[in-house]
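Next come two complexes, and both contain subunit A; in the first it sits with subunit B, in the second with subunit C.
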Partner chain A sequence: MWAVFLVLFLPLFALPLLVVLGASFATHWSGVLPSGFTTAHYQAATRGEALRALTTSLVTAVTASLLALTAGTWAALAAAALRKRHRKVMDALFVLPVAVPSVVVGLAILVAFSQPPFLLNGTRWIVITAHAVLVTAFAHQSVSAALARLDPAYEQAAASLGASPAHVLWRVKLPLLLPSLTAAAGLCFALSMGELSATMMLYPPDWTPLPVLVHAATDRGALFTGSAVAVVLMAATLLVLLAVSRVRTRASYR
Partner chain B sequence: MATSAAGGIRFDAVTVAYDGNVVLDALDLTVAPGEVMALLGPSGSGKTTALRAVAGFVRPASGRVHLGDRDVTDLPPHRRGIGMVVQQYALFPHMRVEDNVAFGLKARKADRSEIRARVAEALEMTGMAAYARRHPRELSGGQQQRVAIARALAIRPAVLLLDEPLSALDARLRSGMLAELARLHRELPEVSILYVTHDQLEALTLADRIAVMDRARLQACGTPQELYRAPANAFTASFVGSANLLPVTVGGTGGVTLGGTRLAVGTAGAAPGARATLCVRPHLIGLGDGPNRLSGTVAEIQWRGATHRLYVDVAGHRVMADLRELRTPPALGDTVTLHFAPEDAVLLPAEAAGEATGAAGRPAGPAGDRTGPAGDPAETAGTPAGPADKPTDPAGTPTGPSGKATDPAGTPADPSDEPAEAVGHGC
Partner chain C sequence: MAASATLGLPAPGKRAGVPAWVWALPPVALLGLVFLYPLALVVRQSFRPGTGGTSVQPYADVFASEAFREALWTTVWLAAGSTAGCLVLGFVLALVIAFVPFPGARAVSRFIDVFLSFPSFLITLALLFIYGSAGMANGLWTDVTGAAEGPFRFLTTPWGVLLAEITYFTPFVMRPLLAAFSQVDTAQIEAASSLGARAPRIVRQVVLPEALPALAAGGSLVLVLCLNEFGIVLFTGAKGVTTLPMLVYGKAILESDYPGACVVAVVNVLISVGLYGLYRVVSRRAGA
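Entry: the complex of A and B
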């Protein structure tokens, strides 16, 4: 059982990541293993343009995730009050950005927001908007799944005790949904950090997210520099996810 | 906020339907201030729906719900000012016990000092003061139940709704909590309690009056003693306590005949020649010679510690008899003679064919099997059943302290119901 897992896991998932990690410390790679150990790529990947791109990515991902979480949660809460058929329509609408290729979503947003009064093209907001649209589906899906599992007895007990619907939402429902909300936030953040295809069509020169930089570096043949930037991207994402998961365990143990 | 000064609940022809499926049919019922009313019935009988209509979680298709002197039919749940305890407790898992209990007061924006005092009082009353800082998951089922009751009582509701509050507890805890609930009600005599249960023992122990529900309808309503000693129909007889229900024909000169056997029982109001159902409680049947003899063969014997239950086939009908433990019980297949006193039998209107089997199929279940070796609830009540006062007369159906005049015409007619059957009357 373990052997099967390793045979599948190593070549498919672990090896490529290890290769990137190896390459990020190398100057040559002509044999089986990389050679010419150096940390020079990391010096380049953690300052100047790369550092700005990292900040850009983090800001974009955090903002887009918060937007997506708000919109997705709101929609899921609203949909819960709808009739079953209407709820299905709403669910389908929210899955649309996932079903449509992200290149198409990028193009659609480019076309839609290039004209006044919705002129976002050329600003950071077009990137953030695109990311929010792309990840809202995941936020919506995980929150509505959690809502469906939430025992209506809590809400009813709160209402019978005299709590208005708003009070019930803030004091009972959202706290009970917190574990799912943080899980959704982590997922949205990770997806946004890695988004490239829609971003490529939209990013203005002063708002270059990290994946674009990785792509640019490898495109011009600087594989080792690109690897170092990719490792930084990976590490930053993992660190944030780790922090989010700590919040989540605290929330579910409360 | 919405705490009503006057207590009491009044259902005024309340009908609830889901997708055209009637789950509560024109319920007329009044719970007086300070009264404990049990809604007793099998699952799907509409009893929980009735409670949810009071709480505001279902909207009646027609009819009105009154709390005290307010018509609350159109009010959302949070404006009704009721306390409610449900089967799964529904304590907020993310709050400590004290915050759970304070929830209703905070929602009403009560003063801090008042909240503290009332939370302490409610926890004291339910014996949970020592657990104020715990989280619900750190409590046992019985403790969670107490907290749920404390939470409902903290808002000082005029009406307390209890939805199968003990069914998640094990048997020993359940009887303890029953005594606890009875004590709480003595301490809060002005609170009306609507208690939904499928357990006749809980209803008999706790309730001032019992409303028996079946198939979306109110079947009977009265004090536990009235329902037990003079049930209005076969369903009530079989669901409140266990009962032998024997199809008989009313004789010409008083008395009835079962198969070919003449039995002397009161037949007040019944026309000679009419079909009727004779109800005799198993513990009121004796072994050996006496008045109203029934002979048959023993089909089954169950030893229950203090009693023996005999199942005797009499003229094609199975008769249950609960006898004080016999030194030499009869063997299977023996022919035995049973008897019962004329005043211990109640004559009920005959059921429509479909219903008779349905109701008669049920009796042994709830009563016979759930009660322990001590036997039937009648023994809890202690007194032998007295002479039935005009059981077949609908006017004899008990009305409670604030009983509303019945209006049989106001309830939709169900073709399967015999007109004589006192079903669907208000209470």
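Entry: the complex of A and C
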């Protein structure tokens, strides 16, 4: 059983990541292992166009995640106060973007925001809007799951002691939700960092996120440079996820 | 709610002057503006051929084209094949992680979480180095046999996409399965084995029935994700593999045929949203 597991698991899941990492340090790969150790791809992947793409990706992911968290949390809180039938309708509305293909979300936003009254085409906001739409569903899902698990005794106690609804929300509910909010933030950020389908439909030339750059590099045959950019993408995502999970541990100890 | 009423506590949302549904309006309006309104425009555009007016001509054109029918068929069989592969592989792997005690089990589930946070196209990129024309597998073959070329050249065929999709989406099946397996009563398994049942029979008669709801839920999620997958197919770069999302991209961006792209998009959305509705019903029953 053990051996079966190792034979299946390692080549399938660990090897792809290792191969990309190995290729990012190589000049060519014609045998079993890559050859010609070099860090030149990283020099290319951390300056100029690639560096701009990294900041573009980070800014897009952070902005989209914040927008999605705000909208998703608001929607989840508002839905929780509704009657059951209305709540179901609202939940269904907010998970719908998961089911719709991201390419179609991209096409829809391209069609809608290339014509008056909303002209966003050609600006960075069209990319950020698309990312926010795509990740809001995940933020909404994890916050409403956390809300369902929340013990209502806390807010009832606070309210019976005379706290206003706004005070209850700010001082009781949101702090209790903080661990799931940070988890949702990490998920939204990671999804937005790797988003390619909707971005390919929308990105203006001066707002090129990292995944688009990886595709551009591999498309013109520069597989090794593409790998280095992909490793930068993975490292940036992992670093932010690590930071977010540290915030979460601290939040859950409070 | 009944308890708080008898205790004289204000019910949440009833206390402030504004009723609860007013608070629900801003997010719904925002979603309407950035998601529902754009989708409605896609549907409208799909009835407006480039020649002007309103007609079902774009639908007739698209349905009649060979490229669309081929893309529809490729999308469906790739998604079905990938889902079947993910279910088998995910079941076996989750079974081992859950029931065979070994030290790295926690690390493995951590690794799965990390794996899921990476974009799908990385898998295709990696497969290019493993099975590509000058990659690892072919390099090994030429080193061992002395042949000029290796035998692995399936990457630019649908089989390459199938392999990449199975690799990327299997963890999505493993997660609900691991949750389901953690609820299986080990006493049941011990009883079965003390009565002389062998491992395959225990799996078939004790574990599998418990895992069926999780398998159904994970499988339908993967089916929808595969139908919508774009990055893996785009990175494969094969002219011969066109799925519905690729066709939407090609028609809109490369050919600037927006009515055609919108027709394909409407078809794709109908298939995916229908299946996703099914997934929600199944997963609610499974309690996942």
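The rule we apply is simple: the second predicted complex is superposed on the first by the 247 of 254 C-alpha atoms of A that agree within 3 Å, B and C clash if a C-alpha of one lies under 4 Å from a C-alpha of the other, contacts with A are read in each partner's own complex, and residues count from 1 in each chain.
We adopt the following convention: a contact is a pair of C-beta atoms (placed from the backbone, for glycine too) under 8 Å apart; a residue touches a chain by one contact, two chains touch by 3 or more.
Just so it is clear, the model here is predicted, and its values are computed rather than measured.
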Touching partner for A:Val172 - first (subunit B), second (subunit C), both, neither: first
Partner chain in contact with A:Leu96 - subunit B first, subunit C second, else both or neither: second
Contacts of A:Gln156 with subunit B and subunit C, given as first, second, both or neither: both
Contacts of A:Gly48 with subunit B and subunit C, given as first, second, both or neither: neither
Touched partner set for A:Gly36, first subunit B, second subunit C, both or neither: neither
Which superposed partner A:Ala75 touches (first subunit B, second subunit C, both, neither): second
Most subunit A residues touched (candidates subunit B, subunit C): C
Overlap of the subunit B and subunit C footprints on subunit A, listed as residue numbers: 156, 159-160, 165
Residue ranges of subunit B touching subunit A (in the complex, touch as defined): 1-2, 55-57, 76-84, 86, 88, 90, 92-94, 103-104, 106-108, 135, 151-152, 155, 161
Subunit A-facing residues of subunit C, complex: 4, 7, 9-10, 12-13, 15-16, 20-21, 23-24, 26-28, 30-31, 34-39, 41-42, 45, 89, 92-93, 96-97, 100, 102, 108, 111-112, 114-115, 117-123, 125-130, 134-136, 139-140, 143, 167, 170-171, 224, 227-228, 230-231, 234-235, 237, 244-245, 248-249, 252-253, 258, 261-262, 265, 268-269, 272-273, 275-277, 280
Sites on subunit A touched by subunit C in the complex: 1-2, 4-5, 8-9, 12-17, 19-20, 22-23, 28-34, 71, 74-75, 77-82, 86, 90, 92-105, 107-113, 129, 132-133, 136, 152, 155-156, 159-160, 165, 186-187, 190-191, 193-197, 200-201, 211, 214-215, 218-219, 223, 226-227, 230, 233-234, 237-238, 241
Footprint of subunit B on subunit A - complex, ascending: 151, 153-154, 156-165, 167-168, 171-172, 175-176, 178, 254
